[in-house]
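Shared between the two complexes below is subunit A, which pairs with subunit B and subunit C, respectively.
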Partner chain A sequence: MEEMGMTLASNLKRILKYFLVRIIIMAITLLIGVYVVILVANMGGAVDEIRKSEIREAVGRRLLGDENYRIMSSEERQKYAKMLEEIEFKRFGLDQPFLIRSFLYLKQALTLDLGNAERLTSDTGSRKVKLIILERLVPTLVLMMTSFLILFFSALTFALFLSRRYGSFFDKMIIALAPLSAAPAWFYGIFLILIFAAILKILPFGGMVRVPPPDNAFEYFLSLLRHLVLPVFSVLLSSIFISTYNWRTYFLIYSNEDYVEMAKAKGLSSAMIERRYILRPTMPAIVTSFALSLITQWMGSITLETVFNWPGLGRRIYEAISNFDSPVIVGANVIYAYLLATTVLVLDVIYAILDPRVRVEATGGVEQ
Partner chain B sequence: MLLDVKNLKFYYQTKRGIVQAVDNISFSIRRNSSLVFIGESGCGKTSLSKAILRLLPRNVAEYSGQIYFDGVNVMEYDDEKFRREIRWKKIAFVPQAAMNALNPVLKIEDQLAEPLLVGGLASTKGEALEKVKEALRVVGFPLQFMKRYPFELSGGMRQRAIIAMALAAKPDLVILDEPTSALDLLTQANIMNELKRIKKEFGLTYILITHDVGTASEISENVAVMYAGQIVELSDAERFFCNPLHPYSEKLLESIPRLRQRRDVLEYIPGQPPSLINPPKNCRFSDRCHRRFSKCDHEPPVFEVDGRIVKCWLYERGE
Partner chain C sequence: MSSILRGLKELKNYPSAMVGLAIIAFLVVLSIYTVITIPYSEAVKLWRGADQIWIENPRFARPVFFDWFTPKKLARTIIVDSRNNPNAKIVNQYGEDVEIIITLEFDFLYDEFPTEITLFMNKKIPGSDMYATFYWETPDGRRINLRRGSIKTRDSYEISQDTALRRRLGGKDAHVGLFSAGDNKKPLKGKYRFVIEAVSFDPEDDLDVRLIVYGTIHGIAGTDHLRRDLKIALFWGAPIALIFGLLAAVGTTALTMLIAAIGVWYRGVVDGLIQRITEVRMILPTLVILIMVGMFYSRSIWVILGTVVVLGVFGSGIKVYRAMFLQVREMPYIEAAQAYGARGGRIVFKYMLPRIIPMLIPAFVTEVPAFVFLEATLAFLGISDPVVPTWGKILYDAQSKGALYMGHYYWVVIPSVLLIITGLGFSMLGFALDRIFNPRLRRM
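And now, the complex of A and B:
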């Protein structure tokens, strides 16, 4: 009894140590990732030069345009301009070398102190980076999550169905339709808009809700659903066949394992074989695929959002990139990096629950 | 007769043609006896075991014949009835690649108890686990490993677990398809000795499939030699190992290396077995046979010699 308690305690210690190590590794990864993003978003300091010359130009224009400065000699004026520039540089923190500021940015980014945007404003007029990103995150999640969840689970269900009917008509049909996925979702989006909005006039062209938005929550929801139909279907059209095909092949490979045949010899029903001998051993891979695809959705899709005029994060990030608005770029990436790190950590835990082979690594092997 | 197989055919469809893996095989086995199938790789031994258990692949082209189990033709059962009444309860199976025959994410005890619960051989999990423990003791599997996962066990232990899984259901017949071929020599001998003991103690009826003639000579009562999808000789073990009838059996026995006998070159059979896609119409062994004569251009029927069966023109009566 005492011995059992001791092994339990030592196992617990090992598990804690395992997760501590995972968290430290994840934190270091996050640190490096965010720093690289800061370097890239600022073009290694080149963005500073662009902004400095912009400030010089603005100051110069102001001095030239103002009559009060005309009485100054050109030497005096230049000196004065230099002074004004220095004040402006200091205001934006450009007086310090980029290397030092990059670490300051890193600290701010990691503490989610995302600061103010340089050019962009939120739809409500705020310059806060947090607001600029978060107000767009929700519509993106509504669109991307809806289509992703429908896509993932229907592909999985169809794939299981097909793996049972290898070589059947449906199986051959899905294989034949798989090349449809060569075209991206927005391509199908244009077609669907043409058919259902322009010709048949039964669904809206784009946007998230009717303009002006309905006051009633229920009507708002209905309007949202109507606007969701076309973008979700274009995602489904572009991915469902290849996705089903992939999973089907995966299940087929796993249903050829010796233990599946053994389960058959043991007299288990096919439903039971599917559950315990095909789905159960493949569950870690399914969960991984689910989690990793899930986080790629959070960034939104630039083209799909543009085609459907959807107020999503993808379009906002695009605006930020084309305007060199590094605080917004960094902010979006930091939020993304945190989401990614959390997901991977959660995935580690789920993996350890699902797969005994991983669990052993966490508990340091079985005692002999 | 416990099992009586008549004219069993089992063909696969492949891109290059139909593979006649099991071609018109007939044999029978009494209760409490054992039958060993020997033959080269690719002669249809494993296909035969799958055909008896109806573990058909997707590309099956023909599956016909009669399999009488306790006098009932189970080939007439539909899949559901066959699954419920025959599999594991009547005929259990120990597969060839036993290393991979256990589900990697289920504990040993759960996997062993599963067929007992599904087949209604135990009503509660506790009862099933008791039966599992009993079977594990029989095969010499340490009970403290029951709660482990397959990857935490050695190959020999996994093999013992699978044999225990087959024994726990107390089936009438066990088919052992090369149960030890993936193991080292010592473990092989160990498991074979256990099998011998279990057979003696529990009156087990089994079919053992192997390419290892040495193993076969140790443990069998009856021997069937397979060549290119057919049985070429069926005999009791004692007379078979002293005096094989078929030229192929003769060569097969000569190819066993012996410890105390000095030989420079190990005996072997030149050539290869014929392809099972469109096999030749003559005697299938004739191309490699050292006793070939004119009659061998026609397929030989089965001749009976003192209760032994041989498929070779040499034993035609009235010569």
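And now, the complex of A and C:
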């Protein structure tokens, strides 16, 4: 008993140490990643020049309407304008060099103090980056979660079904259809709009709900469902064949293991074999790849949302970039980076604790 | 090397691979044909459409092949030029004044109305005073007075835009009203005449006119909102897509492999650095970074290509190759090479990389469609080289002009079909190659 307690304690210590190292590495990665985004989103300081010239223009415009300004000599005018500009620069923190400010931005970004947007406003009129991003997060999540949950469960069911019928007609069909996944979701979206909205006229072209939105919650929900059909279906079309194909191959590899043969020999039902001996060892890898693709797709929804005119985060990021609104770009990226890092870390923790095959080394990574 | 050749020979057992190869061959032939017949500088100039090169094309015209699938005869563009018909013009001298009467005749035998009518006029003497009256004569003998007014040196009369005329035609557009008899929904077929009676107060003066009755079909690919022939962008889309896709795929796979091999061989700091860069890169969202580079820095196709490769090199692929090289590193033949004195560079290039190349071929082919579609995605968002015509750019124009909503389906469908064919071609070949070169899958 005492010995077991000892190994447990040393195991726990090792796991803890391992995670400490992981967290530190992840934090450094996050730090550098966010800093790169800040540099790119500010064009290495060039956005500041744009802002400065805008301030100069605004000051110039304001002075034109100033009575006192007209009676000044040209030298006084220049001095006065310069003074006003300096005050404005100071107000926006532009008097300091970009390098110093970039680290200030980094600190603000990492502490999620996202500040105010340059140009964009939220639908309610606020300039707070947090609001601008949060109000669009829900539509994106609705779209992405719906499509991904349907995708996950249908692909999993098909893959299991096909792995049992290796070489059948459906199996060959999926292999033949897999190359269709070369095209992204927005691409299928165009075709679906063409067929169902333009020609058949049974589903809307885009948007999230009917205009004007229905007052009644139930009708609102129905309208939302109607608008969800085409975008969700385009995500499915672009991913379901390849996911089914990949997971089917994966299941096939695992169903050749000796312990599966053993289970078959014992006379267990095929449903039980699937649940206990095939799904269980393959699940961690499938869930990991699924969780990661969910997060990366979340940022890749820009084009899909453009095609379907979906009022989501992807559209907002695109608006922010085309308006040179660095705070919003940085804000969205920071949230993305945090989400990704946390997911990776949480998955790591879960596997290290749950999966007995995962070997934990204090310095290296998790090896399976 | 021989194993690669053997694998390639095996390809003919896979029908999908043969289809894929046929598609790729078609694209290559199309690209070569395009580059020869429409030189790049020519294509750029045409696509920019300066100096009204496209003025004789209708807007939003469907491709000509639409005509083959309908019993109706679709309207083509009719151009009548007084310079080509010397009999069309009568010049009468009255002392200091000159009267010019031009009669343009044409047959209209189509089952649908044209989309626009415009008259272009060229007067000989700049600054002279010239007044004209325009008439329209229908096959059933009616004569409609269109307008009266002065003519400038280079003038045009957009008959379809004439609001006064529209009122007189009972609210119908000129290109409908002038071609219909009564309330008939179909155009009146037969010989139409367009008559201009002009008077100038300069005896030397002369006038030439060109009447364009724009149709609804044009060329093999149709036209867009700027009257540009879509053929140019559809044809040039092929070489651009191939070059972008292939270069990005080659660049990414080859560099990823090289960097993974270097990391595995030199271990320690180098390997750690490569892994950390990869991890930082994974935190950056690819599409967002690409859009930022396109918006902020440069939309040149080469800059975008370079960014795509840099972002692609430190992607998830590097971990896969690293795992492969870790196995290779421990193999006895590497030890043997070290024993006879081979150094790092030689081992990486001569011993480690060749070992992985069979794995590289399917990976590289399957990556091509992803990059072709990435370029299209960026173009669709409006981030593309301003001078190069591509398929994604057509889709962008079509989307921003609401092509699907307005019913201009050809505008969206043709470039999309070309894109998906390209994607399918490479992807079908890649899947077959994967099954050949990945023995683990072959067992399946």
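To be clear about the criterion, the second predicted complex is superposed on the first by the 310 of 368 C-alpha atoms of A that agree within 3 Å, B and C clash if a C-alpha of one lies under 4 Å from a C-alpha of the other, contacts with A are read in each partner's own complex, and residues count from 1 in each chain.
In the analysis below, a residue touches a chain if its C-beta (ideal position, glycine included) is under 8 Å from a C-beta of that chain, and two chains touch if they have at least 3 such contacts.
Fair warning: this is a prediction, and the values are worked out from it, not measured in the lab.
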Message: One more residue to check, A:Leu64. First (subunit B), second (subunit C), both or neither?
response: neither
- prompt: So, does A:Leu12 touch the first partner subunit B, the second partner subunit C, both, or neither?
  reply: neither
- request: May I ask you to decide whether A:Ile317 touches subunit B, subunit C, both, or neither, giving the answer as first, second, both or neither?
  value: second
- prompt: So, does A:Ala263 touch the first partner subunit B, the second partner subunit C, both, or neither?
  reply: first
- request: Using the superposition on chain A described above, determine whether A:Ile195 touches subunit B (first), subunit C (second), both, or neither.
  value: neither
Message: Quick check for you: in the superposed arrangement, does A:Pro281 touch first (subunit B), second (subunit C), both or neither?
response: first
Query: Which subunit A residues come up in both lists, the one for subunit B and the one for subunit C?
result: 166
Message: List the residues on subunit A that touch subunit B in their complex, please.
response: 166-167, 257-259, 261-269, 272, 276-277, 280-281, 283, 354-357, 360, 366
- prompt: Contact residues on subunit C for subunit A in the complex?
  reply: 16, 20, 276, 279-289, 291-293, 295-297, 369-370, 373, 376-377, 380-381, 395, 399, 404-405, 407, 409, 412-413, 416, 419-420, 423-424, 426-428, 430-431, 440-441, 444
- request: Write out the stretch or stretches of subunit A touching subunit C in their complex.
  value: 25, 28-30, 32-34, 36-37, 40-41, 43, 46, 166, 175-176, 178-184, 186-187, 190-191, 193-194, 197-199, 205, 249, 252-253, 296, 299-300, 302-303, 306-307, 317-318, 321-322, 324, 329, 332-333, 336-337, 340-341
Field: Contacting residues of subunit B [partner subunit A, same complex]
entry: 53, 55, 58, 83-84, 86-89, 92-93, 95, 97, 100-107, 114-115, 118-119, 148-149, 151-152, 162, 165
